[in-house]
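What follows is a pair of complexes built around chain A, which joins chain B in one and chain C in the other.
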Partner chain A sequence: MWSRIISRLFTSLVVAWASVTATFVALHALPGRIQDILAGDLEYPGLREAIAAEWGLNRTLPEQYLDFLFRIFRGDFGTSYVLRQPVIEVVGSQLLPTVELALTAGVLAVVIAGGIALLTAGRSNFSREVASVLELVFASTPVFWLGILLLMAFSFNLRWFPVSGAEGWKSIVLPSITLALPTAGLLTQVLREAMEKTLDQPFVTTVRARGVGEFIIRWRHVLRHALLPAVTLGGWLIGGLLGGAVITEKVFGRPGLGTVTLGAVLTHDVPVVLTVVLLAAFIHVAASTLLDILYVLIDPRLRAQ
Partner chain B sequence: MFDAPATRALKKYVQVMRMKNNSLLVNGIAVALLGIGAAQAADQPISGGALTWGVTTEPSCFDPHRSSQQAAFFVARNYIDSLIAKKTDGTFAPWLATEWSISADGKEYTYKLREDVVFHDGEKFDAVAVKANFDFIFKPENAATAVSLLQTFDHAEVVSPYVVKLVLSKPDSSFLESTSNVKLGLISPKALEKGDLCGGGRALAGTGPFIFEGYTRGQSAVFVRNPAYKWGPGNAAHEGPAYLDRVTFRFLPEYAVRTGALTSGQVDLIEGVQPTDAPLFAEQPDFKLLTGPSGASTSFTFNINYTRPPADDVRVRRALRDGFDLEPIVKQVYLGTVPRAWSIIGPANPAYNKALVGSWGNDIAGANKLLDEAGWTGRDSEGFRTKDGKRLSIEVGYPQPYVRDNRDILIQGVQASLRKNVGLDLNLRLITAGEYAKNNANGTWTIYPNTDNPSDPARELWDMLGSKGFLYANISNPDPEITRQIDEALASTDPVRKRELTDAVQKRGVDQAFIVPLFAPSWFLAAKSTVNGLSFEAGLDSPSSAYDFWIAKK
Partner chain C sequence: MTAPSHRSFEQAVPLDRPEDLAGFETSLPVIAVQRRPPLAFIVSVAFVVLLIAAAAVPWLFTHFDPLVGDFTEGLKPPGWAHLFGTDRLGRDVFARTIYGTRYSLLIGFGGVAVGLGLGVILGIIAGQRNRILDECVSRLFDMLSSFPGVLLAMLIVTFLGQGMLNIAIAVGIAGIPKFGRVVRAQTQLVRDADYVTQATVYGLSQWQVFLRHVLPNVLVAIPIIATVYIGSTILIVSGLSFLGLGPQPPTPEWGVMLAESRDVLRVAWWPGVFPGLAITATVIAFSVVGNFLQKKFEGRMA
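The block that comes next holds the complex of A and B.
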């Protein structure tokens, strides 16, 4: 089991290295001079020269590549010339609010999906029908619209929650629900289908014959089997949460990576965009590594091999 | 009619009645009475209180020397003062300078400074500080965007501790106005030395009525009252420190969210109200709506690159100008909240050429005749005019970051009319700022939709039509007539002659259809009825700083 985990960690490092390399290649494959690309829409005397010096553009390509690798390794992501600040400061200060939002929304989505799937799987009653219609609606509702609707109901009219900002627990309630519902909608459907398939398995009949209660069957045995396809969705889930956070942050006027990314794309702030791309790649790699290790823990068959 | 406790009691009564029964009549009467009570209380300014202001755009840089965002400047006005202040009639009032004089040759500007001014970081404000600011902006390696206002600046001299002389390399009639501009506002020399001030905070020490307390990216910027402030501008409503203890700017980019935040009382004031939301605030007892003048900035205009075919033919440009009825399009998009434009300069600006009103536009028969004469006589399968098999098509390249308040919808309206009326394909394309920058550098832009930042009228005309302005700097053969008129207006020290020239430029610009004015944008403010002292600043063509704002007791 340990060799399996270690080899998985090693492949992750290779993927992370490949993504840094891909970023470097992409930057150099763009038409135009590197200093023009990195400058964004800015234009003032001395800027191009300063960029050339910082990125060592007068050196050979392999040297620049090694330098780039080491800089990323050291956590030096360069300077945002548009914002006139080190990129790591800009992105670093915005990372926490986004992680907070994505994490809360992720947990919320999993809880909602797990709860509904446990309650409604394999039961051909009214609540299952209602739940599945709601799931479809939420899975296909744009985050933007959902956010405005929630704001109208709970902030503008009932005034339970503030409209914007990131201060105190109250300000995270509406954004995290907004972000969680579409994810929960899809996750519930996947989870329930997997549970219903498992419920038809002969071993469930065996367990039932032993006189185990319905809830224990579902919670201890069926859910564990059904988790595998849901965990596979995990990578997609993290991507969805990060992408959705961009829009959610804009609607709710929250600080975060989304706000920074949107601004950077619009002003052609390439150093910031590059850093966000790299960060997204690292998060994906880290998450899928973690999920793969989780598989091993969930599924004893993988441990035995 | 009602004292404060009575008003409070009435409010309570309204709340109770609202909970108990939803009788429209009861609500209506009580709310009307409340309105009268509020009007009574609104006489005397009161010190104290905090105000939250929901704004559309988060400035990417708070340093006025380095910013180029219109949306950043009115925020900066809260902590940055200038040498002089521009009044709505186009003249100037004292501010940090009590007197100023211009030498006979128009090349030396001398300012006598107040002697009691202190920067937020405790540094003394004097002639040395003023010189330090101008030197800082003028140095290329400091990369200050405000350097565009120092085209003719040569050097600054400290005449005595409180007299500073700014010397130009040649006469520049726009320079006095420039020294009232927030971009050339004064920052503590010690702060300037420290390096980058874009991130705001206490490091950004000006002399303004508010001190920059802190900035949370993506969320808000907070300013607190400067208790030492006694050097307010000559055009303000009061003297001494600001009334408010604290002003918070909240960045709320969504229209619907800003509106909801105000109606639910979570912010006190919003900027950027969608025309469809205006009735929620206008003439409502609990709210007020203010429409700003369109004074200092230019109209929203199509700037047609008259050196690029097919728009190098004046007949094509005039057909584009006259081939649609602008009035109903503007009315439909902005619901009558803004006027259509007739000239490049806005109607509330003293330099506006009124003679242009009614002089052009909506002549569809004439436009068709012009296009026939120009040889665009064929028609393709989609109904557009053609010549030698080529469609009559001109692209409007609109940089995405600058698209705001439904301006793209307005252009689509014009696009549809031109297609129907004269068979001209006005091709609106949203482009990136980078693509625009490239087109601009190569001089290959076609139609650029624009509102110019406020400055002196001659300087604005130079920006948009002058030989080295931002649009024509990279075009080798701009119209000699109009560029000569603009250069002369900039060098003119005689206000009457200058006025003749800026009038002539506006006339030629529209007559030759180098420019098609569309509408005169205004700022909209909506606020709780208790927020008083709201106004607009002529020099910025934007909401004023919060210096004169005060909140009435409920």
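The block that comes next holds the complex of A and C.
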């Protein structure tokens, strides 16, 4: 068991290192001088020289690479020359609303997917067909269009929720539903398939033979079993939520990491975009590593090996 | 030791599964029943054909100009004159939606071509019997897929600049691990197939086996892989153009149209509904076609 966990940790470290290296290689492989790329659209005397000094561009390439690695390792992501602020401050001040949105949406997606799978797995053909059509539709709907539709219905017509902003609990309802539904669509597909496979297992027949009610079978026995393969989707889920949050924030005019990133892309503020993308990759790698380890810890079959 | 098979009572009774019938073959003539494709598949194929027609010859579907509108006709609701209504500048939303097909399909196919092109090369390399190469390429896929797709695409657009070609490249690069892993699995499947072993036993050199047997059988799967992933690619592309990273207004691209509709939502619902409907219908149609083809050819892939 421990060798499994250690090798998983090692692989994650390699992947994280590779992603930092890839951004370094990309920066140097791009045509043009690095100080021009990092400066974005800005132009004032002394800026290029300041960037060259901060990034140590007059040193050899291996030196620059090691310096880059160590700076990232220390959590120093450089300066945004467009915003004239350390990048980590820019990102840190906007992190909370995005995490709030992604977390609420993630929990909502898991609850929706679990509920639908619990109710429809292995049931009559009709309810399964309806559920599978809904899954397909939601998995095929662009996040931003769903947001526009919800805005139209609940903000402009019914006036239940505010149109934009991030003030109070009411402002998070529509964005989190928007972000959750397409994710829930894909998650339900996977979860239901896993539940249907589990329902065919001999232990379910045993439990059923003991006279346990159908709902208890599904809730206590089948769902727990079927959640295991779904756990491996956790990494994908987090990546999707982070990416989707960018688009959702734009639809609802919410402040957050997405709004900052989009602004940075449009002003060619490379240090900010680079930091957000790297942080997202780190979060993704860390979360999927944790889930994989959790997977080994909670599945007795893997623990025994 | 193999585990004893547990089969519940209800499952064992009907003898309709092929494995249940093993040993029951009689001399009765077997009539090959050609299963008719399901209705959803036929409708989806028809819709895809319509989409391709709309992308190729949009002027056959509408006589309105997607770029020029009549200011006095602004924000007219859907009706006989304007099937999907008009936007703030009086442009016909139906015409813009029809003309938009071209952009979505072009960028979507472009993205799949970029991702699949690079993914096939890397996937075939990883699928060979070389553990070090496989490990390196697989970690490369892990690294690429650790970046959330939308964010990676945004980073690439920051480097390359906005525009249609650049978001196709960005989405393609973000899709490399997806395509590469499928191709790697397919290569391994073919590599271990009996006919490849036989070709080796027959005395063909490694290169001859690869070029004559492995490569063609990996490449046949590519149209199917492309169809399966074109829908999700169009979905990501529409998101990027909604963010303003792809084609710019007044281009009648669906994502761009929806971004513009946000300003008039309070007074008009139609500019915010029809382009989105077009995206969803397109993605569903391609997914249905792709999944059907994948299931149909699953047995024959190796």
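Note that in this section the second predicted complex is superposed on the first by the 289 of 305 C-alpha atoms of A that agree within 3 Å, B and C clash if a C-alpha of one lies under 4 Å from a C-alpha of the other, contacts with A are read in each partner's own complex, and residues count from 1 in each chain.
We adopt the following convention: a contact is a pair of C-beta atoms (placed from the backbone, for glycine too) under 8 Å apart; a residue touches a chain by one contact, two chains touch by 3 or more.
Quick caveat, the model's predicted, so the values are computed rather than measured.
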Three-chain arrangement built on chain A, chain B and chain C clash or fit: clash
Contacts of A:Val251 with chain B and chain C, given as first, second, both or neither: both
Which superposed partner A:Thr205 touches (first chain B, second chain C, both, neither): second
Contacts of A:Ile148 with chain B and chain C, given as first, second, both or neither: both
Which of chain B and chain C A:Val14 touches, first, second, both or neither: second
Touched partner set for A:Leu136, first chain B, second chain C, both or neither: second
Contacts of A:His268 with chain B and chain C, given as first, second, both or neither: both
Chain A residues touched by each partner, larger count belonging to chain B or chain C: C
Partner chain in contact with A:Pro229 - chain B first, chain C second, else both or neither: neither
Touching partner for A:Pro86 - first (chain B), second (chain C), both, neither: neither
Touched partner set for A:His284, first chain B, second chain C, both or neither: second
Common interface residues of chain A - those touching chain B in one complex and chain C in the other: 148, 151-152, 156, 250-251, 266, 268
Chain C residues within the chain A interface of the complex: 6, 8, 11, 139-140, 142-152, 154-155, 157-159, 231, 235, 238-239, 242-245, 255, 258-259, 261-262, 265-266, 269, 272-273, 275-276, 279-280, 283-284, 287-288
Chain A partner contacts - residues on chain B that touch it in the complex: 58, 60-61, 66, 140-141, 143, 145, 196, 198-199, 216-220, 250-254, 256-257, 260-261, 263-267, 400-401, 432-434, 437
Chain B contact footprint on chain A (complex, rising order): 40-41, 43-47, 82-85, 90, 93-94, 97, 148, 151-152, 155-157, 159, 162-166, 249-256, 259-260, 263, 266-268
Interface residues, chain A side, partner chain C - complex: 11, 14-16, 18-19, 22, 26, 30, 37, 136-137, 139-145, 148-149, 151-152, 156, 200, 202, 205, 239-240, 242-244, 246-247, 250-251, 261-262, 264-266, 268-270, 273-274, 276-277, 280-281, 284-285
